[in-house]
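Got a structure for you, questions after.
Letters A, B, C, D and E name the chains as they come in the text, with residue numbers starting at 1 for each one.
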Amino acid sequence: MTRHIVLRLLRAAAVVVLVTTAAAALPHLMRGSPALATLGPNATPEQIAAFDAEIGLDDNALAAAWHWIADALHGDLGNSLANGVPVTTELGDRVPVTLELFAASQLVALAIALPVALWSAWRPGGWFDRLATALAFVWLAIPAFVLGLLLIYVAAVQWRILPATGWTPFTDDPADNLRHLVLPALTMGLTEAAVFTRTLRAQLMDTLDQTYIDAARGRGLGATRLLLRRALRPSALPLVTLIGIGFGMALGGSVLVETLFAVPGMGGLAATAINGRDFPVIQAIVVVTAVGVVAATLAVDLLYRRIDPRIAHDHR
Amino acid sequence: MTAVLQASDLSVVHRTRSGPLYAVSDVSLTLHRSRTLALVGESGSGKSSIAKAILHLPAPTRGTVTVDGVDLAGLTPRALRAFRPRVQMVFQDPLSSLNPRRRVRDIVAEALDAHPGTARTVDREARVRELLDAVGLSPDTFADRLPAQLSGGQAQRVAIARALAAEPHVLIADEAVSALDVSAQATVLNLLRRLTETLGLAGLFISHDLGVVRAVSDDVAVLYLGRVCEQGPTEDLLAAPAHPYTAALLAAVPEPGRALGDGHLLAVDPPSPLNPPSGCRFRTRCPYASAVCAEREPAMRVVAERRAVACHHPLPPFAAPATDDPTGHRPDHSIQHED
Amino acid sequence: MTVTTPTAGPGAAASHHPTPVLRVEALDVVIHPAHGRPLHVLHDVHLHIDAGECLGVVGESGSGKSVLSRTILGVPGRGTRVARTGRVRLHDEDILDMDARRRAGLPGAEIAMVHQDPMTSLNPVVRIADQVTEALTARRRLRRRERYRTAAELLAAVDVPDPEGRARAYPHELSGGLRQRVGIAAALAGEPALLLADEPTTALDVTVQRTVLDLLDRHRAERGLATLLITHDIGLLFGRARRIAVMYAGHIVETGRTEDVTDRPAHPYTAALLRSVPRVTGPLRRTLPTIPGAPPDLTRPRTGCPFAPRCDRASEQCTRATPPVHHAGAGHTASCFHPLSHPDADPQGASAAPNPAPRKATS
Amino acid sequence: SDDAVANKQPAPAGAAVDGGTLRVGLDRAFGRLDPADSALTSQPMLLLANSLFDPLMVNDKDGQVRPYLAKSFTPNADASSWTLELRDGVKFGNGRPLDAQAVIDHVQRLAKPESKCPCAADAATIAGMTASSPTSVRIDLKKPDAALPNLFTRALGYIASAPTDSSAPVGSGPFTVEQSQPGVSVTVARNPGYWGDKPHVDKVVYRVLPDADSRYQSVRSGDVDLIWAETPTHLRQSNTDGLRTATALGATTTTLFNTKVAPFDDPRVRRAMQYTIDRATLAKVVTLDQGKPAEGPLVSTAPYRSATPYPAPDPAKARQLLAEVGTPVRFDYLIPTQPEAQQRATVLQQMLGDVGIHMTIKPLDIPTYLSNLYQRQFQVADFTTSALGDPSTGLSTFFGTGSPTNFPGFADPALDTALATGRGALDPARRGAAYADAGRVLVQQAPALFLTENRVGFIAAAAVGGLPDLSGRSVVNVSPAALWVAR
Amino acid sequence: MTTADPTTRVAPASRTRYRIGPRGIRLASPGAVLAASWLAVVVLAAIVVPMLPGCDPLRADFTHPSAPPGPGHWFGTDDTGRDVLVRTAAGARASFGVAALTVSVGLVVGGALGIASGWFGGWADRVIGFATDLLMSVPALILVMIVVTLRGPSLPVIGGLIGLFTVPSFTRVTRAGALSLKERGFVQAARMIGTAPGRILRREILPNIAPAALSFAFTATTAAIVAEGALSFLGFGLRPPAPSWGGIIAQGRITLGSAPWISLIPAGVLCLTVLALNHLGESLRSGSPKESPR
C-alpha cells in the first residue's frame, strides 16, 4: 500500500519534471525572434540578449527547465513579460476564479446527470430513458462554443437577465458573483452533463444487471434506496475519474468559456499569454496544470479505494 | 507403457502485489500413450497452472517438461512454435475459447493454416470434414456456423476438433466438461475417452469432479495447494483413498442412492496459497493432524503398487510405519465428527 | 394436464398439511425480452411445498428453474416484460394478483432467496452487516449499532466464525464458503416462511458445498421453513429433499418422493438424466449413456411432449398431444404417454396409459 | 458615404450628471500602467492612459496638435530647439510636483533601453534638455523638427513620476488607481488633487474584453457602458441596437510591398496592383460602408493634407503593365489573424486573381506577423496603422530611407527631401506643399497601396454623455474626465 | 477535449461489450440509416461542391453581402457575399481533414501502443503507461494553441497534435482489449497450435479489438471536429483560405444578430454531423448481438 503510493508519487514527480522540461523548451520552438516580436523593431542587441536570457532562450531547454524548477521550489515562477507582475501573483488571482467556475459547472452537470442517469438506467428502454438518451446525444453534439454563443444571445442580449461577460469576485459582491457565474457555469456544465449522464448511465446499467442488485431487491429493498445506496457507489468510478481529471485540467482553465465570457481565470490568462508570447506565464500554466492533473489522479486513486474496497485489497 | 510427456519438479510462482504466490510446487507427472491421467483438486489448487506450465504458456518458474524426449526449455522460440502442436489443450469455457468472428471451418483449420507447407495441410477441406466427423458434428451443418450459433457441448466439440487438427501426442482437458449440462457432458466425456484410445493420445484430464474423473481417467493425481498429495490408478484410489484429503473429497460427493460419507474437514476453506501452513499443507483442515504434520512436510511415498501418497498419517490400510512418526503418536482414524 | 396435488391425488391427501406454504398452480410464464422474440419459459407448472419441507427442482440449464424462483419471489429481470398466468399462492393467498404494495412487501419478509454465486450476489462495496440486515432495514430504520448487533447474531446463526468482525468486513475479504453463509444469513434475516435456494452451491467446491447444504437443512428443520432447492445436480438432492420435481424446457415432467424418482424414474427424461451422471460408486461405465439432440428452442411454439424429439420411446402422438399424467406411485407422477414401468411401482398409479412398444431400443 | 456614418451625437437630454461609475470595455490587456509600455499608449487604450496621465500635447478636433498639460510648446526659428512651458502647481498623484525636472526625468527614463519603450527612438532625436525654470524646459534637437510636439502626444508626453522601486509610475491625471488586476481589470477613482476640471464620474472601471464580439454583447446587454470598437458590423449594428458611437477615421489599411525582393522591386508590378484594386468595393464590402476609400497616404482628416490624385481602378492598365513585366506574379500575402484582415485579403485575392496575379493568403498570429515584418521576411503584407493621421511622423517612419520601421525598405531621394523639408518647415504652407510632394512620390512609386480609411472609436450605451464628436479627428483620444453616466 | 473516455473499470463486466456481429454493423435501425445517409451527403458535398464550376468557396459576390437564404444562394451569403452552402461544404473538407488525420494518428499510434502494452505487459506496459500519463497531464487545448502560435496553423500541426492527445484514449481502449483477449481461450489455443505472433495478431487480436477501437474512433472523430472548431473559434485553427466549420462559425458570430444564417447553418451542420457520427459509433458498440446467446 505505502509502496504503491510511493511509486505513484515518484511517477507523478517524473511526469511533472518532464512536462516542465517540455515547457521550458517552448521558446525554442518559435519561428522568428521572440525578442523582436515583443520589443519591436527598434530593439537594441543588448535588449534582445537580455530578453532571451529572461525567457531562457540563451540556455538549452534542460538547463532552463532545471533553473525554472529550482526557482519554482523557492516559490518564484518569474515575472510576466507583459506586465512585470510576478507569475505567482497572477496565478493567485486567477486560480480561485477558475476553481469556482469549475465547481459550479460540476454542480450543474451532476445536478442534471445524477437524476437523469438513475432514472434512465432503472427503466432502460422506457420512454424516459429513450428521451434522455436522445437528448443527451443531441446535447453532446452541441459544442461549447456554439452553446455559449446561444446562451449569451438569449439570456444576456435578448432577455437581458444575466450579464454577458465579466466577473465580480465573490468577496466583492456575492450576489453579483453568482450572476456572473451562471452563464459560463451553464455552458461548461451543460456540455459536461451529457457526458456525465452517458457515462453514469452505462455504468449503472452494468451494475443494475449484477446479481447483487437482484439479491437486494429480493430482500425487499425499494427502488430509491436500491439506486442510491446500492447501485450508485459501485457505478461511481468512471464519473469520479471524469471529475478528477476535469479538476486537474480545470487548473489550466477552460480557455474557450473564459474567453467567451471574459472570465478572468486561468483559461483567459492562457489565451492572453499565448497571444502575447508571455513565456513565463505560459510555462507556469502548463506546469501548474500538469501538477493539477497528476495530483487529481492521485486523489482519484485514493478515492477509488474508499469507494471500492476491493481495490485497496488488491494493492495491499 | 511409453512415456510421451514427462513433467519434472514443476513449480509455478505468480508475482502478485502481495508477494510471490506458489501456485504449484515440485509437481512431477508422466503421461503415457493411450492413457489418461486426471488431476483433481479444489479451486485454486493449481490445476490450471500446471496445464499452462506444461504448455510453456508461459514456461514454469522451475522444472522441466519433455515431450517425446525433447526438453521444451531447450528449444528456440521458433522451434518451440513448430513443436507446439504436439501438446494441445481444451479449455473450460467452450464459448470464450472460440473466436466469435471466425467460422467453425476456419477455427478447426487454424492448425493447418498456421503451419503452411507441412504435411498437415494436404487437403484442408477434407481434413476439416474428417475432424468434424470425428467429434460427432455433421460437417454440412456446422462447418459454416459461427461460435454464437453453437450450444455449449457443440462448441466444446469444435474446440476438440481444433486441438485434434494439430495431430497432438498429448491432449490436455482443463475442466473441459464442468460448464456443460450432464447430457452434453456425457457426450464430450465419451468423445475424449474414445479419442485417447483410438488415436493413442496421452491425456491429462483436469477436473474437480470425481465422478467425471472416474469416467475418463486411468490414473489420478490429487492436488492440494499446489502439491500432489496422492496418486494412483483411478479405481484403486477411489475405492480406498490413502490421503485424508482424498477421503474427504470422496465423502463429499453427493450421489443418488448413496449416503453421504463421514469424511469431514476441520476447517471449511483451504488456507491462502500466499501463506501456506508449515509442514503438511493440509494439516489445518486434517482431522488426523499431529505435531509432526506442522514440522515436516510429508514426502511422497509409495504405499502400494502404483500408489503413492504424501501423508504422515495415511488412512488404513496404508498406515505408515511407526518410524515415520517420531512422536509415536497414532492418529485415531475412528473419530467421528458430528457435523 | 393436472399434476397431483394433495387434494387431487387419490391417496396422497393424508401425507400433507391442509394448506402448504407455497402452492403453484398452472403457472405459465412468457418472457418478452427487449430485443428478440418472446420465450415461453414456463408451461403449466404445478407444485406445492409444506412448512418444513424441502422440494428439489432439478433440470438442465435453461429449463426455467431460475425463472420459476424469480416469479415466486416477484423480482423479474430488468428490461424484460413478463406475462404470467396461473396462480402462485403463499399461505393460500394468490400473490400474482395481490395489490402491488403488499406484493412488494413479500420479498425478504415472507419469501427469501439464496443465489447461486456468492461472489456476485453480494455487493462488493457494502459492508456485510448492511447486506445481511437488508431484509430488516428495507422496512424500518435500524441504528448502526443495532444493525451490527443484529448482523452478528444472524452470522453466528449460520456458523460464521468471529461474527462481529465479519459483520464489519467487505465481501471480498471472505472466502467463498463464508460468503454463501452470509447469503443464507441475509435470506433468513426477515424470518421468511419460504426459502428459495437457486443452485446455492454450484460455485463452491464439493467439500464446502456439503457444509452449506447441511446448514440449510438445519435451518429448514429448526424454523419449519418451506424450501425450494434448485439444482442441476440430481445427486445433491438425495437425502436432502423430500420430494423432487424434474423440469424440462419449462415443464415439470416428473414429480414424486426423492427415492421414488431416483430409484424408479417414470419419465424417460428423468431416467436418461440419471443414467448420464458419472458416478464415483457403482459399476464403472466407460461409455456413458447420452441423450441425443438438444433442448427445444423456447421461442418456437410447439405441441406435445417437449422431450419427444429426443426420446427413444416417443411415438407419433407424443409430438401432437399433451401427454397425460401417469401415476407411478403415491405422489409420484410423470407426464408421459410411454412412462417407464417398474415391477414395484405403486399399483394405484397403474391407471395411466400402458407402456406401448418402444419405438427404438433403449441404449 | 460619410453621411451614412455620421456620429450619433449627443447625448442624453439634460446637463452632465456627476457621480457614479463608468464601466469601459477595453480591447486588449494592459501590462504595466506605465506610459513606457506601448500597449498603454496605443490608440484604443488612450482612454485608460488619459485617466492616469495627462499628455503634454494632444491631437485636437481639427487634427492640429495643441498643448494640453503644457501651457505652450514653442520652437526657435529653425525648429531645432523648442521651449516647453508647464502649468504651475500641477502635482503628481504622489504629491511630487510636475515640474521641468520631472519632464526631463520622464523623457530620460523612456529613452533608456530598459524602459522597452518604442518611443526610445523618438527620444534619441533629442540632443539635450535643460530646465531653464521650474516650469520651463528647453529641448535641443539633433536635427530641426517642426513636428516635435507630435512626439509628445503619446508615451513621451504622458509625464509620469517613476518611483525608485519597481512599482508603477504615478501620473497627474484626473483619476488614480484604486485597484488593478493586470490583464483583467483596473478601477480608477477621482484624483482629489487634480489640477483641471473635476471629472464627472466618481470611478471608472476598465475591463479587459479582448473578444470583439463578447465586448459588443457586453455593451449591448448593459454590462459595460462604453467599449472600444473597430469591427464594421458592430459599428453598423449599434445604430439599430440603440447604442451611440463616437468614431474617427483613425485607421488606414494598407498593403506593404517588400521593395527589396523581386518582383516587387519593379514599380510596374506595384502599380499594376494599384490599378487592379477597387478600393470602393473594399470599403463597401469590408468596412460595410463604415469607412471610405483611401485617397493617398494621408488620412483625409490629417492636417497639411492635400488631395493626391490616386489612380482609379483600371484592370486594363494593370494587365498591360503586367504584360510589360512578362513574368507571372505570384506571392504570399502576410496578414495578421484578425477577421477584417482576412476578409480584406480574400477580397484582394479575388480582385488580383481577375487580372492574373496569384496571391496566397498567409495568416500569422500577431507576434509572428510583426516579427516577420520587422525582419523583412515577407513579400507583401497587410498593414493597418493609425500613424498616417500625422504626416511628419507617419510618412517618415514608414517610408523614410533608413527608418527602422520602413518595412518596405523603400528608398527614394525625392521623398526624403520632401519629408525633410516638411519636417523642418514651421510655415504651414511650405509644410503642406512638401507633404503633397511626398504624397505624389508615394502614389507614383507605390511602395505601399493605401486601401481604406476605417472608422474606429467607441460604442456607448445610451446613458453615456459627454462623448465628443470625433468625426473630424485623425486620432481618437478621449479623456474619461469628460464623460458622465445618466443612471 | 474531454472525449467521453472509457475509464478503467474494476469489474470485468464489459468483457463482451464491444463486438460487432457476423455481418458488421446492423444498419437495420432507421436512425443508423439516417445517420449514415447524412454523413454520406456531407462527405460527398465536401468532395464535390468545391469542384463544381461556380462554386468556389472563396469567390465572393460583392453585390450580395449577407444575403438571406433564398434562391440563388440557398443558405444565404456571408458578409463578403460568399455562398454559405459552398463554404460549409468546403469547411467540411477542413474539418474532416483534421478529423481524419487525428483519428489516423490516434488509431495507429494508440492502437499499436495499446496492443503492445496489453500483450507484452511488464516493462512495455509500464513505459507506455508512463508515456500516456505524461500526455494526459498536459493541458491539450493550451498546448495545441501554443504550438499553433509557435509553428503556425496547418493541417498536419493541428490534426497531428489533436491526434497525439487522443492517443492515450485509444491506447486505453485497445490495451484493455488486448489484455482480456490475451487470456481468452482462442488466443491461447492459437499460441498452443504454434501460430506465429503476426498471424495471431492479424487473425485473433485485431478483428476482436477493431470494433471497440472503431467505435471509439467515431467518438474521437467528433472530438477532433469539435476541438478544431474550438481552436478556430479561438483563432488558433486552420485559417483562410481553407476555413473549417469552427472558423466559419466564429467568423459569422459577429453578425449573429443581423445575419444569423452565416454561423447558424454551419453550426447546425456541425451538430448534425457530430450527432450522426455518435449515433453510428453507438450502433457499432451496442447494435451487435452478444457473443453468447444465453
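In this text, a residue touches a chain if its C-beta (ideal position, glycine included) is under 8 Å from a C-beta of that chain, and two chains touch if they have at least 3 such contacts.
Please read all numbers here as calculations on a predicted model, not as lab measurements.
Under the touch definition stated at the top, subunit D and subunit E share these contacting partners: A. Of all chains, the one whose Cα centroid sits at the greatest distance from that of subunit B is D. Comparing the chain pairs B-C and A-C, the larger number of C-beta pairs in contact belongs to B-C. One inter-chain figure worth recording: subunit C and subunit E are separated by 52 Å, centre to centre, where each centre is the mean of the chain's CA atoms.
Separation between the centroids of subunit C and subunit D, computed from CA atoms only, is 92 Å.
Averaging C-alpha coordinates per chain places the centre of subunit B 49 Å away from that of subunit E.
Here the spacing of subunit A and subunit D, counted between their Cα centres, is 40 Å. Residues of subunit A in contact with at least two other chains: 30-31, 153, 157, 209-210, 234, 259, 271, 275, 277, 308, 310. Counting partners per residue, subunit D has 365, 367-368 as the residues that reach two or more other chains.
By the touch rule above, subunit E contacts subunit A in their complex via residues 2, 4-5, 7-11, 13-14, 130, 133-134, 136-139, 141-143, 145-147, 149-152, 222, 226, 229-230, 233-234, 236, 246, 249-250, 253, 256-257, 263, 267, 270-275, 278-279, 282. Residues of subunit D that touch subunit A in their complex: 29-32, 37-39, 113, 116, 118, 120-121, 166, 181-185, 207-211, 214-215, 217-218, 220-224, 365-368, 370-372, 374-375, 377, 404-405. Those residues of subunit A lying in contact with subunit E across their complex are 11, 14-16, 18-19, 22, 26, 29-31, 137-138, 140-146, 149, 153, 157, 192, 195, 198-199, 203, 206, 209-210, 234, 237-238, 241-242, 245-246, 248-249, 252, 255-256, 259, 270-271, 274-275, 277, 282, 285-286, 289-290, 293-294, 297, 308, 310-311. Within the complex formed with subunit D, the subunit A residues making contact are 30-34, 36-44, 46-47, 80, 82-85, 90, 93, 152-153, 156-157, 160, 163-167, 259-262, 264, 268-269, 271-272, 275-277. Put simply, subunit D touches subunit E in their complex at residues 212-213, 216, 231, 233-234, 237, 241, 281, 284-286, 288, 337, 339, 342-343, 345-347, 349-350, 360-361, 363-365, 367-368.
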